[in-house]
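Chain lettering (A, B, C, D, E and F) follows the sequence in which the chains are written, and residue indices restart at 1 in each chain.
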Amino acid sequence: MIKDFIEKSRAKSPWMVHFDCGSCNGCDIETLACLTPIYDVERFGVVNVGNPKHADLLMVTGAVNHRNKHALKKIYDQMPDPKAVVAIGACGLSGGVFREAYNVVGGIDKVIPVDVYVYGCPPKPEAIIDGVVKAIETFKAKAREAA
Amino acid sequence: MMFMTPHILKNLFQKSATRMYPLEQREPFERARGELAITVEDCIFCGACARKCPSQCITVDKKTATWTLDPMACICCGICVTACPKNCLQQELVYRRPCTEREQISRQGEIRRRPRKVKPADEEKKAA
Amino acid sequence: MSKMTIPFGPQHPVLPEPLHLKLVMEDEIVTEAIPQIGFVHRGLEKLCEIRDIHQMIQVVERVCGICSMIHAMCYCQAIEKQMGVEAPRRARFLRVIWSELHRMHSHLLWLGLYADAFGFESLFMQLWKIRERIMDINEATSGNRVIVSVNVIGGVRYDIPPEQLSWILKELGQVEKELKAIQNTMLNDYTVKKRTVGKGVLDKATAYELGAAGPTLRASGWAQDARQLRYAAFDELDFEPVVETAGDSYARGAVRFRETLQSIDLVRQAIDKLPAGEINVKVKGFPEGEMVARVEQPRGELLYYMKCDGSKHLDRLRIRTPTFANIAPLLAMLPGCQLADVPVIVLSIDPCISCTER
Amino acid sequence: MIENMYSISVDEIVGQAGRMKQDGYRLVTLTAVDLNEHEVDLIYHFDRDLKMKHFRVNVTKGRKVPSISAVYFGAVLVENEIQDQFGLHFDGLALDYDEGLYLEEEAGRTPFCKYGVITKAASAKAITD
Amino acid sequence: MIKDTLLVLFALAGAPLLGGFMAGIDRRITARLQARFGPPIMQPFYDVAKLFGKQMIVPNSWQVFCAYVYLVGAVLSVVLFFLQSDLLLIFFVQAVGAVFLVLGGMAVPSPYAQVGAQRELIQVLTYEPLLILVFVTIYSVTGSFKISAIYAHEAPLLKELPLIFIVLTYALTIKLRKSPFDFSTSHHGHQEIVKGVLTEHSGPILGLIEVGHWYETVLILGLCALFWATSPVGMIILITATYFAELIVDNAMARMTWRWMLGYVWSVGLAMSVINIIWLYAK
Amino acid sequence: MPSLLLFMCILVPIIAGVLCYLVRIGFARTLTVLVTGAVLTAGSLMLLGHGTFTYVPPSPWAGLVNTAITLADFALLAIMFGIARKHRSKLIMTLVVLQAVPLLFFELFMVDHGAPAPGFYGDNLSLIITLLVSIVGSLICVFALPYMQKHEAHLHLKRSRQPQFFFLLLIFLGAMNGLALSNNIAWLYFFFEVTTFCSFMLIGHDGTPIAVKNALRALWMNSLGGVAFVFGMIGAHHIAGTTDIQQIIASGPMGGALLVPLALLCLAGFTKSAQVPFQSWLLGAMVAPTPVSALLHSSTMVKAGVYVIFRFAPTFAGTFFSQGLAIVGSFTFLVTIALALGQRNGKKILAYSTISNLGLIIACAGINTPTALAAGILLIIFHAISKALLFLCVGTIEQEIGSRDIEDMRGLFAVKPRIAVITVIGIMTMLLPPFGVLISKWMAIEAASNNLPAVGMIAMGSALGFVVWGRWAGILMSASYKKGLKPEPMSAFVNGPLSVLAGGAVLFSLVLPWIYSLLVKPMLAFAPYQVHFGSLDSSIGGFTVIPIFLILAAGFVYALKQAQKTRARHVAPMYMSGVHSGGPDDETFRGPMNKIVQIETGNYYLTRLFGEERLTFWVNNVAVALLVLMMGGAL
């Protein structure tokens, strides 16, 4: 019974940490906007904990450049399992309009595994909420696999 | 402290400002620049969209009549839509839903051998 | 007394963007703050070599996703000027409307983050709630909430129909009402003042000497606003730069708060005077030569330098953003403050690392 | 064409900056423009009451340029940026990131020099020469 | 004896439920105050359950030790509270928890946790004398430090010690980590020192701390309730009103700095205590 | 029987000291110290078993002893005068003369040498002191054996000065026991002076200029106390007409007439206990080798001061003077711990904390109710044990890492786990329930709760103490994970005393209810607390000592079990905003200009608020004012 409750809780309490990996801010601000009254992702139990050690979800925006890719990796590694990564925006997905710039690695999945891709430049907050919901699903599946 | 208190108390006793997405969904705005869609039947594979696209995320292969979009790189600017001489591109009102796998969108049209005589799209434009 | 050396950022909950500061402190008093940047540097100025001048509009819009429209506007105005075309009058008014909308949402966003930096969560929520109205206006008029992509060389892409204009006025009235309701909290609350008054003081002379820009400069007593250059339709609109003299975080906050109200007024004026007519002119060919253009962004004076040789690619694009100019004043403000004031002071210049590093 | 553009030589930079400061000018920024394999234009932009003055300095690549960060501290970041992107070297920088302001090793060096990349080693050599 | 056993059991099992429930309501009301819809009331329980289901990652074993001792201290103080023992004793036992929370924060030289621990110490420094003074004044009214004596007292303490009650709420605000005193760690992460003392705690260990925090909430609200010990309804009203006021204050103020807190709370707290005591003697 | 035991407690250490001085062989010295320790321990325990007693040496001896002591008194004063002359200290010369002349007058014209001189008296108070001196003191002497060897090795001394050192150390113990057990106020004065002299010699032991300077300061301040003592003694004799301490006490305040001499005696106690404004000599004493500090702070010197005050406390119960004492004591408690907060020198922190605790003890004496006295006596016991332990810990750490700065002790656990853990235990016993110091503090607060200014200051002081101790304990354990940590080796003479003291601090706390009912309760006018089920209980409050002890112990053990399950695979690097540079035990990050930066963390010392330079001036002035007020109250 306790196991079940933990299982259920996992889906109901995704704490997030947001890392701006070289975004133009468009996506960051939309991610932040999800926390604010109109969208209020706390309805789903999401709390912006700001600390990878507490987080279940890593929300990454931006095109990933050669400097912050190290930080991205480290933050990901510091998150305890089970965890999921949501890549937000064209930049996070592929490097977007900056793909060819010299300092851009291009796409978060080149550095860490990504579970959910959220399209848009920037995605609407609704899309980000969809992404979170999707992440919760993948994340349940992951926990089941691990068990 | 005194200044904010009436404000938050008002919030408490009002309905919350939250839009209960996804339970409640708002009508999208008319101009919303959502997912890019192609009516591939009308496409003449001229490549204008591919050339104009600031993100260079469309590839058009005239020979095989394929129109390919890398949605992951599309920045939803709508430049291609304006550029298309055939008006066969359009941005839907809703955005593309998040996914869990990388994907490419490839549309196969029919390979036209002869150059067309009539340009229906152009005519429409003139009429308008 | 003992020394602490801590890494502040790049991933840090009070910094929405990656910036690293090595802070050395004694009993939480900062004695040394050295920045490490480059976490957002993409090198997008270099993209002008592979994107033509029209495509570059979309790229410069993404220098920053907050005042994106203003970047594009500056870029287009520069090229228009160089090529001797003038955008139609209606387009210029529409540019003013959108750019002031951007200023408003940018300031509201910033005021929220600023409130969050001194731990006033409900104020943050309130401000961002108000901001959503502006985001709705953006989306309704352009199809995207943030990056509106309205500029083209020679004018604007979209027109705003009359029924939308009146709706915008209604929404702005609401924004104004709600802003006035929290004006007292923002400007007179004891705790807010306690956390901001006298923090990170930048005196008048230093502000000028270090090349501060925008509200950071105006909060130190300089009435300098690039909109006084009367670009777009500003030559037909009434406004006075908003100035404060204290030069501290509070003053910078107050400048931005008042500027938000000022922007509402400017949009109203622009809608009022909005002429009928075309919204863009066709532009043929490519510019040649060197050019410099300036506009006022939410964070201050933005400068574009471009050099082109008549081909469809620019030879050199250089963007000097106000936040870049404000980093040096920031470094001057930090030493001597408390750790708890670091986020407040850092945010008080409204840093935008994205446009700082491009 | 840019109004109020004056050409000066490398050695005049610091003196000119000092004069501008005395005249109550604010440093807006510096711009570097790659001209060809050997030369870079450095443009110093100043402003007073929204009127700008620009000074163009033609510099040979690899050569040291005196930093004006002692006069205008605000120049520090720009000069560092130019070091990163153009491989020029500024002498007397108040904070020297040594070509590492933006760039990691992976990103290569002097990305803005279209006409030839200057390696760090080469530029270091040029300095010692 | 049976009554005592029941009380102990209630303290052990009921307190965390109550504390978690309070936290849930807290988050919901906070959300409403901010014009948000807010999480479900059960959210704190989901959070803790999830934390217990997470991978164990710690910086070292000393932190684990400290977290457990913190919990033991918190639980024991609540048990003692329900057994109506000596107020000072309860407070000192609670201090065991407080010390180990700080030690847990200092378990590694992590900058944010260290700063948090230092600030936590300063918070303790701020509220400890106030609490002792509160207890001493209670003693001067009831003639004993024992909680049982408060129940035996015929009038609500609130009537005689209104200012002291306010002093107690200062301590309460600090303990609950509410604005303007939420600097050693805060419920949400938007803070210059990330999560302060708790930065390095994660997963199950963080869960333990959270549960300990629920116990502490119950303890401190219990202390408030003592000021209207004559009627159970009064106790409930008092707790509700205090907690609500707490939430309003939390949302109507910026976070202050600890330097300000130390000066402000000490001076105002001491002044209020003194005035109340003089008033008491004058009567 | 008492005669033998008194011999064991007072004379044996003195003889042993002389032996140490004469026989300059290391091995013999070790043996002597060990044997003396055993004898002292046995003697004091047996004395305790013997219970309250009065003992006057049989007829010829009594007179002889008295004469010998009187002569020794003058000899001592002469030596001190000589020292003062050598160091050209007019101040000390004056103070010595101010003692010698009245003393001469006293001995020649006042004391009736015909009457039988009072001898020794032992009640629970003196027996407790004797016990502490004998056992804790001996442990410190044992600890000093290896310590001094290392110490001299560090100093590269050609000729060992250990004989003299142990000579003084052992004499010190004997004198302390003599002081505690004498019933003759003149003898008490003599032993009082011996401790002054020994401490002077020991502080100056290393002979460095700073040591000499600090030793001289200790000498003048304590001589000031000596002067106060002499006048107090003369006054008391003048009014009560006897040198028998018990009789003086029995005569009561005599309508306030006796208050002035008593106040002077208390003033002597103040200097000896280094209360503000006399704290500087004890702080200066830090220059001495650590065993000296341990001895001065825990069981001897400073306890001599509070002993004197406690001894005479019943006499002035209920007077305004007593009230004043309570205020002055709690003031000292508050300000010295505040001074400790601004310190990062481990020994200084301990020193300030000692003064602070003594202040609390004195405040208890001032409050002067049975509860307060019980609190004071328990505090004397537990403070002595814990403080001795902590000093020895700091001494050991200092020899291991070469610093006494607590910032340098950061992460000590990763290097020297054994001493780190023992130190943490020591700190816990100073700070937390269910340990004795805290229980006594609890009692003190309850006792003081009728005296609002006092209880206010105690409340603030204890909060400051929380910070002082909490952060120190935190520092010691603040280390990244290290695999396969092994306790460092430790010599038996170091480990032994440390373990005994640590064990003692814990175990005695467990049996506190019985210590209270067996030792403390009989001294009091009425019993403030009832003991049942291992709990202290009264109408105003209760402390369930044993149950809490057991539950917390169980909690500790469980927590330890859980902690031990931690394996390397659980360990993650600490959070550094994503720029940490390496593995789990790495404490660096990649900072500006891509340089690797070592993180530094430090405690807050709030030097702007609690700095020594800032606070001392005010503290001293206020203290002087308060003292004047208090003495005025006696008039």
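In this text, contacts are C-beta pairs under 8 Å (C-beta built on N, C-alpha and C of every residue); 3 or more make two chains touch, one makes a residue touch a chain.
All of these numbers come straight from a predicted model, not from anything done at the bench.
Shared contact partners of chain B and chain E, listed by label: A, C. Ranking every chain by how far its Cα centroid lies from the centroid of chain E, the top place goes to D. Comparing each chain's Cα centroid with the centroid of every protein Cα atom identifies chain E as the most central. Of the two chain pairs examined here, C-D and A-C, it is A-C that is joined by more C-beta pairs in contact.
Once the centre of each chain is set as its mean CA position, chain A and chain F turn out to be 59 Å apart.
Chain centres here are Cα averages; for chain E and chain F they lie 36 Å apart. One simple way to say how far apart two chains are is to compare their mean CA positions; for chain C and chain F this gives 65 Å.
Between the CA-based centres of chain A and chain D the separation comes to 39 Å, rounded to the whole angstrom.
In chain B, the residues that touch at least two other chains are 1, 3-4, 8, 16-18, 20, 54-55, 75-77.
Among the residues of chain E, those in touch with two or more other chains are 31, 33-38, 56-57, 111-112, 114-115, 118, 188-191, 194, 199-200, 202, 251-253. Listed for chain F are residues 572-573, 575-580, 592-594, 599, 601, 603-604, each touching two or more other chains. Per the contact rule defined earlier, chains pair up in contact as A-B, A-C, A-D, A-E, A-F, B-C, B-E, C-D, C-E, C-F, D-F, E-F. Of all the residues in chain A, the ones that touch chain B in their complex are 37-40, 43, 86, 90, 93-97, 99-100, 107, 109, 115-121, 123-124, 126-127, 129-131, 133-134, 138.
By the touch criterion given at the top, residues 1-5, 8-9, 11-12, 14, 16-18, 20 of chain B touch chain E in their complex.
Interface residues of chain E facing chain A in the complex, by the touch rule stated above, are 27, 31, 34-40, 43, 45-50, 52-57, 188-191, 194-195, 198-203, 206. On chain E, the positions that touch chain F within their shared complex are 56-62, 64-69, 72-73, 76, 80, 85-89, 92-93, 95-96, 98-99, 102-103, 105-115, 117-118, 121-122, 124-126, 128-129, 132-133, 136, 139-140, 143-146, 194, 199-200, 202, 270, 273, 277.
Within the complex formed with chain C, the residues of chain D that make contact are 1-2, 21, 24, 26-29, 31-34, 43, 45, 49-50, 52, 54, 72-74, 76-78, 95, 100-104, 107, 111-112, 114.
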